[in-house]
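Before anything else, here is the set of structures, which you'll find just below.
In the two complexes below, subunit A is the common chain; its partner is subunit B in one and subunit C in the other.
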Partner chain A sequence: MNESNRFIEEFCHEAEELLSGVEDAVLDIEENPGDQEAVNRLFRAMHTIKGSGSMFGFDAIAEFSHHVETAMDKVRNGTVPVTKTLIDLILVSRDRITAMLAEANGDGPPADPREGEKIIASLKALLSSHGAAAPDENPPKETPEQASEPAKPVQQNQAVYRIRFSPDPDIFFTGMDPVILLYDLADMGECSVVAQTEKVPDLENLSPESCYLFWDIILTTAKRINAVKDVFVFVEDKCKIDIKTVEEEVITSEQMPGPRLGDILVERGDIDRKTLDKQFGTRKKIGERLVESGALSKEKIKSALNEQTVVSKMHKSAAASTVRVPSDRLDKLINLVGELVINQARLTQVASNREDTDLGESVEEIERLTGELRDSVLNIRMMPIGTTFNKFRRLVRDLSSQLNKEIELVTHGAETELDKTVLERLDDPLIHLIRNSLDHGVEPPGLRELKGKPAKGTIILSARHKGTNVVITIQDDGAGLNVDTIRQKAVEKGLIPENAELSDKKIFAQIFAPGFSTAKEVTSISGRGVGMDVVKRTIESLRGRIDIDSVPGEGTKITLILPLTLAIINGLLVSIDDDFFVLPLMSVEECVEIKSKEIEMINGRNILNVRGDMVPYIRLRDRFHMGNRRPEKEHIVITDVNDSRIGFVVDHVIGGHQTVIKPLGPAFKNIKDISGATILGDGTVALILDTNVLLESA
Partner chain B sequence: MISGNQDKNGNLVIKIEGSLSAYNAGDIKDRLLTGFTNHQGVILDINGVTECDTLGIQLLLSARKTAEMLNKTFNVTGDSPSVQDMLTGLGLEAEDFPCVLKED
Partner chain C sequence: MSVQGIIRTSQYLTFKLDNEIYAMDITTVREVLDIIPITKVPQMPDFMCGVINLRGGVVPVVDLRLKFGLKKATSLKETCIVIIEVILDDEQTILGILVDSVLEVISLDPEQIDPPPRIGTRLKTEFIRGMGKKDTEFIIILETTKVFSAQELAIVQAADDMPVPETSEGANAEEEKNE
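Right after this comes the complex of A and B.
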């Protein structure tokens, strides 16, 4: 890749990040039109896109974003109010820039220039209707210096607030202890509190029930300034509260390791520039000099020093947290670590066969280190699911207005982390499930009111960790699944016999059959019945499970259970003759020992009686044509696959095994019931079984 | 409960049990003042303090200031988790009260 290509790619990456921020900001503004901070974020993002766009020669993008930027500037000044039209226009503009970027990047169809002109025309019309001048025809070309504005640090959503809180002297009479507020602030983020004691008088003059203390607080938090203000909402009438955002320029300035103490003090108004300058004759640290000369109290300096530390730290972490690594390099690293883990297991086994304490000790150390290495390498691939969740806000907004429904998307657990590969492949299934909820689940507002539900429907999207799995649920408060309709449809399609006695859950599971749709009419959003089977297949290919729960009239809840990562599997190691197999531990329920004779008795039906439950089973020995040398005692591993209990008969159950998965390679790509392989400590290969496929073929 | 004795250096030792807070700040203030007027200084034993609030801490700060002004001794001795928690919560450091953390 040549230099200029790299820059272009870099620009596209940055722009994509900014654009996803734009979407967030727009939706924030829609929810809360007074959110000045979001307006500013939006403005800055557009400004940066414009700047770097013109620097890299994407004049069309620069020009287009200039118009949006102008509009946002008017919003910022309060000339143009936030309306639905504006929000829609900004969102369309955002999509337009995305399309232009894709074109510039060479992986999209050429964007139609007329469409862009249309958007610009609407923007201008909107602005002039509010008496604001339309943007300049020719955006001023930015010089590269201007354009290369500080690339916003990754944690741009983190802000540093400087708070001076001087409580009302009589605050204690209201029964409020200011320390409670300080605790509240500490809960919001990284908080450093310095008490200012200079106003506390001596005992003679002290009124023991009055508050003389005041505080300087430096708070680093992702919360908005309004949330910070909310902490003081009950005391703000009487107390002096001063909240300032520490200037971003200070944080992002590149030349300096951090702001200078003197500057901070002047900016805070603790000291004027003159007094400060006077101190510059001597060589001591500025803080010490100021205290000695009595110009400032020790606490004042301490509090400013605190701010200096926080800001410098932020500056440093901003620089450190933006390492971008191509994912193929990461994959290679993970592969190597996988090999290392396998070889280490071998080494451990070899060492345990020799009675050499020295060797044993160092091997143990290597074992520990490899384990840590494996965990931290896998951690690199972990990404919070929040980015995926954010995409759905737009989806829900657009679809609900298209369907004339009012729907709110609530998300929980956005910080839950998942392997990048898993996350990427989750997009489509989740979109599909959310669309279903929107379209089939949540009823139109009128119908909802008739049923006594709030007109606004809610879809709750949540993610959480559960052991080594991640559980994602999509829950709506809509109509729920209609058991009878599904049953009837399934019978029509010949999926279930007409008189079959099935639990509700089993009937719900029918919607995963290919081509299954109960929607009376096909809409552009869903109802074609292509989808749920694909969703299920995708989830299963990620070694996950999907569950449906539904209560008629109350809603549907779809639960996805996924492994944290695809690179490692928690398995149960079993053996047949001298061959080893791994069953995913996630689906294993229990292991039962059976005598060869017992099986013989009920043979022919391949069903086993486990404490009164009839469990069908597959004898893996027969399935894989492994001969007939069955041992006296066999073991049956009972698993729960798609809500059916099924047993796998093996010779021996060896135990739990956390293994690094190796793909089988292209030669074996047609073997469906084996999803991969792993190498055991002694070098033998164990095959990982795909229980879903085995069940289907049974 | 507040009780006082004089130690060998002529300091008044004030022992506080239970509360060092808005409820008895007035009482403790009077005790401290008497101590500073009639004795070499004041040693405040906070071993038994189980409850402490911002006013309690503010009283300690004021006492320290008074002692500095009158050139008298003021020491806080003993270990009280509630006092320590309050100090941390208010953004004061233990070094502000050198004796708080040390057992005498």
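Right after this comes the complex of A and C.
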């Protein structure tokens, strides 16, 4: 029972993944109807869902996907053109399968079978109307495109070529450099080159102007064999070039083991089968044995080994290259590594107190290893943001047709990686922001044309790394925020005094107030005024921040700045009396020593003159009511928070600290200035300061 | 007379607080520690004395004396930290309790426990599950879910309530508030 449950779960996971792939493929096809590759992807996904569906007893799903598969097959053959109706139908079918899956999984309402029948009926109707008998219904522009399709090489299928390139010894006289050719090959794909040196003569017979080397090259590329041959077109007559296809990736060959080294050598003609068989009496690896017995040179074996690695790798990547792990196991691992890091810091401290070089050395090694371990464990949790971005393509497509707007979603930096927990909690805020851009930002096409903008609006969603942060921007080319309307509304709601003089940015920030909405009417998409405050809160709970920039008539840009991970930050360790605090190193600009007297002189103003700049400061000792035993010399840590400089006065600055963040828990939920705690090398607890909050209260 | 809800003989951990004996249901107690350095967390009421490092985890510690309105202990000789598990905001939380000394684990039958008196204790009645009797002594059995609820613990002292240091720094603190 449990076992079968696990399989069902597995199937559901797989199907979910495939379905999100389906959505991508459909949207790709919509953008570019000639995209044969996307059609293939779609067909394969449907095929797999059908196959594994019936294997695990989800007959309804299997049957339903069969119809979609049939439709895709027709598209593939070119009998049915890609139309909006078809795209819509496939998207609806995809949703239908998702619903059926949820039902099978037990966490969704039963899917209405009639709905499914309706979809199948319309699919069938569409197919018969475009049957082979009525090819003239195809839009004329489609036909030439389809005709040229088969000639195009199939992009995805990669092949492994084995090339032996033996240039003519006089090749240098022709002005050709064989190395250039090798570089050309390397540009085509994954390439490993082994130089064969067996023809190089003794030094006394060696002519520096001749080329004695020849090369064995293993090239993995999506290019066709002709393209590979083209590289050698200028040297063809003079050199011996032998190109063979070793392996063409076939989707079905998942379970085949890689070829054996001996077979490769025989196939290459480097050795005959007899010599090879003779070697099997001894027990070492075949490669070593052959070298030892002098049957082959080391280089030859090396190149054959290369081929073996490449080919087996290809087999492996065709089979499953990922492992699914429940995230709670990962969490446990990360916790353990966190503790290891803490203990390692302690060990380092202990070791530094005793002058034992042996101990010191091994501790240093452990320090390096823990560092690497920490990085790679944190890396496991890193996921490209692209999966999240892809979800929005559908959202934008559906919403823009619902709103009768033409909007294109452009994404940049889909490969940017982010901690999975951060990523998961980012979904809702991003959906909200994009909805806002769609609904309030981008104007209807008519209005846009009046304003001299292209009818089609653009929303740019981009992500990139910046230090230990990830910056995500959502930018539209819509109407922009209206400063006056927001101001008026904010005054109405009593958020700002009527005659307050505020910068545009401060006014924009008002839209994050709870219940704030300037939309005149509430739509199903947005305008209820719940949301922006939730967006802000979510981003802040992720230790991130949010910025708005807007130019009237040109658009709005919302920037989210988020930490890469929630588990570990780079901190600056400081102390006041015997208590330790950590400031996020990211925001620290500099540390300055100040004498008590200097502070006395400008007392009452809380502003310090740092090389001519006036920097406001907070004395943490006072803020936290920690008594008055100030040392003679205090230190001020100057930070840059939200573009304003602020100093924090502490007793001592101790130094950088890899801070493993421990939450303080619900007992401290009302504390604003402290965002968490960490444990230092000697076991004491240090508190992590929330500079954003401290700044606001300054 | 017995207390509603207490139908079974249970074990209780007893401890001393200012010459009175208190008890907690043993199932909420995780362990008892000797006193270790506590890191103070600013802006919390006095009874939240700070956090400790419990094998790599950060655990808040409540001074039960201050929580119950008693004076701070003068001697820390026998002071212990009792680590308990409570539910705060639907979240299983580990909490440290600072007590004068830990006595023993006792078994009490339901008939040995009386309902809490309406008057005569300095504690809120809801904090007390019942009054146990052992020999001639009374044992105050605490209702841990009430004493250590999120509401009771998460009170942040407003900055204005903080004593302003009476020194030249006073001006500074004033300034901070005004801003």
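Just so it is clear, the second predicted complex is superposed on the first by the 424 of 698 C-alpha atoms of A that agree within 3 Å, B and C clash if a C-alpha of one lies under 4 Å from a C-alpha of the other, contacts with A are read in each partner's own complex, and residues count from 1 in each chain.
The working rule: a residue touches a chain if its C-beta (ideal position, glycine included) is under 8 Å from a C-beta of that chain, and two chains touch if they have at least 3 such contacts.
Quantities reported herein were computed from a predicted structural model and do not represent experimental measurements.
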Contacts of A:Q36 with subunit B and subunit C, given as first, second, both or neither: neither
Touching partner for A:P178 - first (subunit B), second (subunit C), both, neither: first
Partner chain in contact with A:G665 - subunit B first, subunit C second, else both or neither: second
Touching partner for A:D202 - first (subunit B), second (subunit C), both, neither: first
Contacts of A:V194 with subunit B and subunit C, given as first, second, both or neither: first
Touched partner set for A:Y212, first subunit B, second subunit C, both or neither: first
Dominant toucher of subunit A (residue count), subunit B or subunit C: C
Which superposed partner A:E339 touches (first subunit B, second subunit C, both, neither): second
First (subunit B), second (subunit C), both or neither touched by A:N105: neither
Residue ranges of subunit A touching subunit B (in the complex, touch as defined): 172, 177-179, 182-183, 186, 192-195, 197, 200-204, 206, 208-209, 211-213, 215, 217
Subunit B residues within the subunit A interface of the complex: 22, 25-26, 28-29, 32-33, 36, 53-55, 57-59, 61-63, 65-66, 69, 86, 89-92
Complex contacts: residues of subunit A adjacent to subunit C: 338-339, 342-343, 579-580, 600, 603-604, 606, 618-619, 622-628, 662-674, 677, 679, 683-687, 697-698
Touch list for subunit C against partner subunit A, complex: 37, 39-44, 48, 50-53, 56-58, 60, 88-89, 91, 93, 95, 150, 153-156, 162-163, 165, 167-169, 171-173, 175-176, 179
